[in-house]
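Next come two complexes, and both contain chain A; in the first it sits with chain B, in the second with chain C.
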Partner chain A sequence: MVSPTPKRRQEPRPVVRGWRRSLTVLCRHRLAAAGAVIIMLLYASALFADPVAPYGPAFDDKEKFYHPPVYIRVMHEGRLQRPFVYNYVLADPGTRAYAEDRARPYPIRVLVRGDAYRYLGLIPSNLHLLGVDQPARLFLLGTDQFGRDAFTLLLFGGRISLTIGLVGEAITTVLGMLVGGIAGYYGGMLDNILMRVVELLQGFPSFYLFLFLSAIIPAGVSSGMRMMMIIAILSLIGWAGFARIIRGMVLSLREVEFVQAARALGLGDLRIIWRHVLPNTYSYIIVVISLTLPGYILGESGLSFFGLGVQDSWGNMLAKAQDLTVLTQYPWLLAPGVFILLTVLAFNTLGDGLRDALDPRAQSS
Partner chain B sequence: MLRYVLRRLLQMVPVLLWMTMITFMVMQLAPGDYFTNLQLNPQISRETLDRIRHTLGLDQPWYIQYVQWLWSIVRLDFGFSFAWQVPVAWLLGSRMVNTLLLSLTSMTAAWMLAIPLGIYAATRQYRPGDHLLTVLALIGISVPGFFAALLLLYVAFYTGWLPIGGMTSPNFDLLSPLGRVLDVTHHLVLPTIVLGVLSVAGLMRQLRGNMLDVLRQDYVRMARAKGLAERAVIYKHALRNALNPLVTIFGYELGGLLSGAALVEGVIGWPGLGQLTLEAVLKKDLYLIMGSVLMGGFMLQMGNLAGDIMLAYLDPRIRYE
Partner chain C sequence: MTRLDARRAVAAVVALAVLAAAGGAGQAAPVAPRLPDIPVPKVSEGGPGIRGGTLVVSTISDPKTFNVVVAQETSSSAAVGPVFEGLVEEHGETTEVEPAMAESWSVSPDGRTWTFNLRQGIKWFDGKPFTADDVVFTFDALYDPKVINSFADVLTMGGKKIAYKKVDAHTVQFITPTPFGPFLRTIGIPIIPRHKLEAAYKAGKFMQTWGVNTPPREIVGTGPFMLTKYEPAQRLTYERNPNYWRVSKAGTRLPYLDRMVRLIVPNVETARLKFQAGETDVYGIRGREFSAFKRDAARGNYSVYEGGPGFGIEFITFNQNPRGAKPPKLGWFSNVKFRQAVAHAIDRQRLINQVHAGRAVPQYGPESPANKLFFNPNTRQYPYDPKRAEALLKETGLSRGQDGKLRDAQSNPVEFELNTSAGSSDAEATSRIIKDNLEALGMKVNFLPRDFNLLVSKLDASFDWDAIYIGLTGGVDPHNGRNVYHSTGSLHFWNPRQKQPATPWEAEMDRVFDGAASTVDQARRRQRYNRYQEIIAEQLPVIPTVQSLGQTAVRNTLGNIRYTNYGGALWNIWDIYRKR
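Showing the complex of A and B:
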């Protein structure tokens, strides 16, 4: 095969580029480390939502809707105690104003028996990390209009919102790498066609595409199915830009010696692309993943906020605060927004740190 | 250059065709249309609805409808909105002014804040001011627009400093011309903060990065070596080069002027195009959706083109054959 361009003097980045060193740089980056810890906590809390949440996802106290977040107190009648809450009674039914009933403290107990659940659909249990005796309630973030515990719903909603980001990003990455790799490696006609497809997808204002595609999901489908479709839509829109950048990188890697050597050894094209060319783009891919993943979470929450996304996800929960009178009277309904912000912020700080750690230009300074 | 612009304009046609075709197909293949909801109304018989559908051509296959729609677009007829009962062109025109007003003010605010902040951060790299701005920018990038809008509405309600949503006060019609301008300005503040401040973050980071790259260049060292004042080095030699990549972003933002703020408009109740489109999608108001997609796509393409032309004008290294 005739090499079309004079051989590049500049070596592409070697495959193994001091992962340990990158890791130390990352750890030194305090913000990024904090971001990583927060992400892990968020995912862990979603994974262990059943035992961590004080109540079950189906729990509601119909008497106590729009209940404010409870105060966790330590002083009862001037004496220091272990953390406890008071029972709340409805003081004004008109404005749904609650007042503490200071008669009796209800200490917060660790590992209590509560609503039964099957953890991950397998292990039956009724153990909850925290709880209080009845009639007091441990509404850490208040309740919604049905008297459901907002904190519990948030943990379970995290399962939806966080999974959508992760799975959507995974599909995008694989699809983008495959298309970008093939387009860049083969070049010519195939490259031309694939890149036109990418341009068509990129030329569409993505939010509109998003909106239209989610508007056509039939109303009757189950929420699990709906979630899968939202993920499919997100990845369908997301892969194009990714593929384009990968293609550019593969284009320059194609003529490098070790790729030519692999070709001379008679390896299959796909194997060369997947095993020899693409690994050289990994450090870049990792950074892009951590910086684009928030986009999926934001996109989904935006859709869900307007009722086009997934039921009970964070964005959908936030929609309860959309009405101005509700928002101003029961501001704790904004909590899901704080969680969305926290997640996105954590991913952004991590991505920022990863870029510093993996970017060869930044390493010299 | 003229040939390049003409070619780009021609290339726009297939993109817009594909965009509108996909939208049309998606909307028409989706179950139900605008009149599906009316079926629940006992006062309207099925026959009436079928007759309306027939007169509007909605009972035909989607591709025939699409061709008919295209043909009317060629004659500059955007059709009729089902929900609003007015011509789409009129509706889009009246909403476009509001959206443009909001986008232009927030864009101006964003750029006027981002450029000095970017320079400040770059010239004080790794010092406290830079670190503070880095953290603030990270937060700014991470706040979902609709959440920021909700938060600010909450603040506005409690402080009473700003009106809560909308674009005009209830007594708008009674105000003097000056009073009207002031009233709209007052209502503009909140959405401008949401949209403007949030985009400051990204712009500022970008400018900071560019400035840092440029400040490492030989010609900057040269400028310093020949004894130029630091001001001249920064503003005359470094900033001009660092701004080039931002021009592309500027063009992109120009393109997004009409479609960028749908969610925030929806939350705040700003009567703009984004809110209109959002409602249209929820109601399946077909011709209104098509009209706003066509316009949004057109603006996006024009913005990109404008960005490319400006870049060629500013950067002599770039030539379009």
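Showing the complex of A and C:
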């Protein structure tokens, strides 16, 4: 009796749908592609904040606070020039109104020497992508109450806000997959206990818990440590709902043939969960990540509103702008809000596109 | 006497003191005009007005009690402000002490016995006559150790009470244990009705009576307005007292207004929106709003009144209390050179520009330049000078290492926590700038805004703080500040309620305050208080920053407004009327 020998030694592989096909679908999804580009730009600008920002994060011009965003001009005295800005002089100290001093144009220079920094704490440099000669200033988004450049602060703030999303989501995902996977795979008593814990966490009025936990962070901790603690607090609750859905998926997956086969071959439980069961939830996980990641940025903004967020994050910058005088006279200080909105929208459109791209039932031509 | 002011996030030292020369009799009562039921009404100096109309103001917090004697915070005392009055009052413009419910007074040659003639014909809102029994009852209540209140602190000299007695139905006599300089300015406490409160007082329930759940009609006073309705978190409504004891020069019974409403709003931003929408008549403008308010004054039909520097003080203070601060911080903070270095490190011009939009002046001593009677301009000054600050730090043994960090002789890095009241954007901005200034010297400052009530409890109960940026409201007589600057004071922030003065300069300050209180001669009191300002400016237990200029917007439809920074826009509420 001869039959074709199956490749016995090869473990049953999870069903990997064509990644290439998914990528094509994604690229055709214009909004999603735009979202992906925006996200990449945001992360790149945060990563290269030191050279991209015209000034250093500690820079302030004590004379030019509440400075409006500068106009970038090309016409000086009727003649076309390379892009330049004028110097701004204080016109009314009461309302902090500034006027352009049209006497002399200050061309915007590329790769200029400016505030010194150590890039990523390693490479010492003082090169900045853009800059202008003093006394003019390249305040692309104006300055705040202390004369700090809002655009520079936004780039450095992005490091914090965007990292909070990534790290928080990573913790949530690992925890959620682990707990959901174990609960779903083993079922029974263990499942019962874990799911009750999940329900308990979901039942908490989470924002109050955030408020409470962030209020008890001691004052002495460094801002980096504080950020990590805020992330931990935000992910503490976030994983519960996620684990529940993974558990549901695993519950049905463990009865599938290839899992049974793996079990028959005597593979260890954890190996089966990690290698055979969970990979079948990846498409779902990726979509969930892109859709829930903005929640961390928004959550941190919410804490900042109560003065409990992370120093210099976007939410913290926005919280300082909640004042009628700012709204009516210095509206450029709302820029962090625009960036938060942009990030959230970009992640949502990307998530939408990913869902279409990874959905096996949505066949494209 | 101390009040906590939620709006300015300021622990308030409100007390009163002396300025009228001893032996001064009350103003001679004018003959005309008259009121049928009050033989000698007080004639108001305001211009003619029109009867009727409603005045609407806003406030950012609910009252906690209507019991004016035990009220500890401005939200409560202001809510019953138009309801209760004292024997004497301070004029809003001149700050002189004038007769109010007392028609006149006299003082014995030794300066200890004061006799007050009460104004006859005054009625409580419920129609009962006001007599000497009410005055005696008020003092019985506030001197009762079971009744916790702030008035008693200021009316006690060396642990002794002022003796008081009824001479006849309309005469009361006070005898102070020693001559008491601030007597006239402290005696104008609000008088409460005996017939309404005696039963509760006898039953030992005085502290709890007249809580905010009392029907407003029960809150019986003699003031220009009667509280008629309280809707929590919404508004307090007042109606005109038809039997009020003031009269205009033309013989009209005051007040002119029929009704007054205090809207309770959640925050200052809402108060501003309500004013701009025309829903309220008065708004206290913050410095950085000043220009915009001035610009829009015609369109909004209001005027902006500028009152100059205020009477309060805003400062940063360091914990020198061995019961709270721990070494090595205690060592740094209790070194006067450290505090002087901090004073030189603060860039006050930057505070004035960036926080107050130019509407403030630098302040180096404990009294405001606005206090024309007692301000001493010749105290030590601390202009912004980082180099001088660094030199002073070096003298204390603190120096900067290779890494730029400031360390003490045991190489502990100089690091501490700075708190201020959360939610007050001006206080937070100020603290940030101070933090910047100090970090430029190599210190590490952990800035953490905290809830106002939590700060107050740190200052007067738990003592676990490093540095706090906060403020006090002030009055004319420095005796007001006794609870702050006397070493036994409960608001002696840096080391409160000492049994013995901890330092020689605190001992000297105790002598200054005790001496000034028992001195009646005005010039000698001023000398003593000059010395107190010199000591504070030298020793800097509180490091003053800047004094903001007061400004208030008042709707043009109101007449007889005589705004001053001391009295505000509404101190002469009885004269104010609504134009037609």
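Just so we're on the same page, the second predicted complex is superposed on the first by the 348 of 365 C-alpha atoms of A that agree within 3 Å, B and C clash if a C-alpha of one lies under 4 Å from a C-alpha of the other, contacts with A are read in each partner's own complex, and residues count from 1 in each chain.
Here is the rule we use: contacts are C-beta pairs under 8 Å (C-beta built on N, C-alpha and C of every residue); 3 or more make two chains touch, one makes a residue touch a chain.
Quantities reported herein were computed from a predicted structural model and do not represent experimental measurements.
Peer 1: After aligning the two structures on chain A, examine chain B and chain C and state clash or fit.
Peer 2: Chain B/chain C on chain A - steric clash.
Peer 1: Which holds for A:62: it touches chain B only (first), chain C only (second), both, or neither?
Peer 2: second
Peer 1: Taking the superposition on A as described, I'd like to know which of chain B and chain C A:216 touches: first, second, both or neither.
Peer 2: Touch partner of A:216: chain B, not chain C.
Peer 1: Spot which of chain B and chain C makes contact with more residues of chain A, would you?
Peer 2: Partner with more touched residues of chain A: B.
Peer 1: Go through the superposed model and pick first if A:124 touches only chain B, second if only chain C, both, or neither.
Peer 2: neither
Peer 1: Of the two partner chains, chain B (first) and chain C (second), which one does A:188 touch, if any: first, second, both, or neither?
Peer 2: neither
Peer 1: Figure out whether A:341 sits in contact with chain B (first) or chain C (second), or with both, or with neither.
Peer 2: First partner only, chain B.
Peer 1: Does chain B (first) or chain C (second) touch A:207, or do both, or does neither?
Peer 2: first
Peer 1: Touch check for A:328: first (chain B), second (chain C), both, or neither?
Peer 2: Both partners, chain B and chain C.
Peer 1: With the two structures laid over each other on chain A, which partner does A:145 touch: chain B (first), chain C (second), both, or neither?
Peer 2: Touch status of A:145: second partner only.
Peer 1: Would you indicate which of the stretches 368-376, 458-466, 476-484 or 530-538 belonging to chain C has clashing C-alpha atoms with chain B?
Peer 2: 458-466
Peer 1: Identify the overlap between the chain B-contacting and the chain C-contacting residues of chain A.
Peer 2: Overlap of chain B and chain C footprints on chain A: residues 219, 307, 324, 328.
Peer 1: With touch defined as at the start, can you tell me which chain C residues reach chain A in the complex?
Peer 2: Interface residues on chain C, with respect to chain A: 269, 272-273, 286, 288-292, 294-295, 350, 353-355, 357-358, 415, 417, 422-423, 425, 429, 432-433, 436, 446, 448-449.
Peer 1: Chain A touches which residues of chain B in the complex?
Peer 2: 15, 18-19, 22-23, 26-27, 29-31, 135, 138-139, 141-147, 150-151, 153-154, 157-158, 164-165, 256, 259, 262-263, 266-267, 277-278, 281-282, 284, 289, 293, 296-297, 300-301
Peer 1: Which of the residues in chain A come into contact with chain B in the complex?
Peer 2: Going by the criterion above, the answer is residues 31, 199-200, 203-205, 207-209, 211-213, 215-216, 218-219, 294, 298, 301-302, 305-308, 318, 321-322, 324, 327-328, 331, 334, 337, 340-341, 344-345, 348-349, 352.
Peer 1: Okay, in this complex, where on chain A does chain C touch?
Peer 2: Per the stated touch rule, the residues are 62, 65, 92-96, 145-147, 219-220, 307, 320, 323-325, 328-329.
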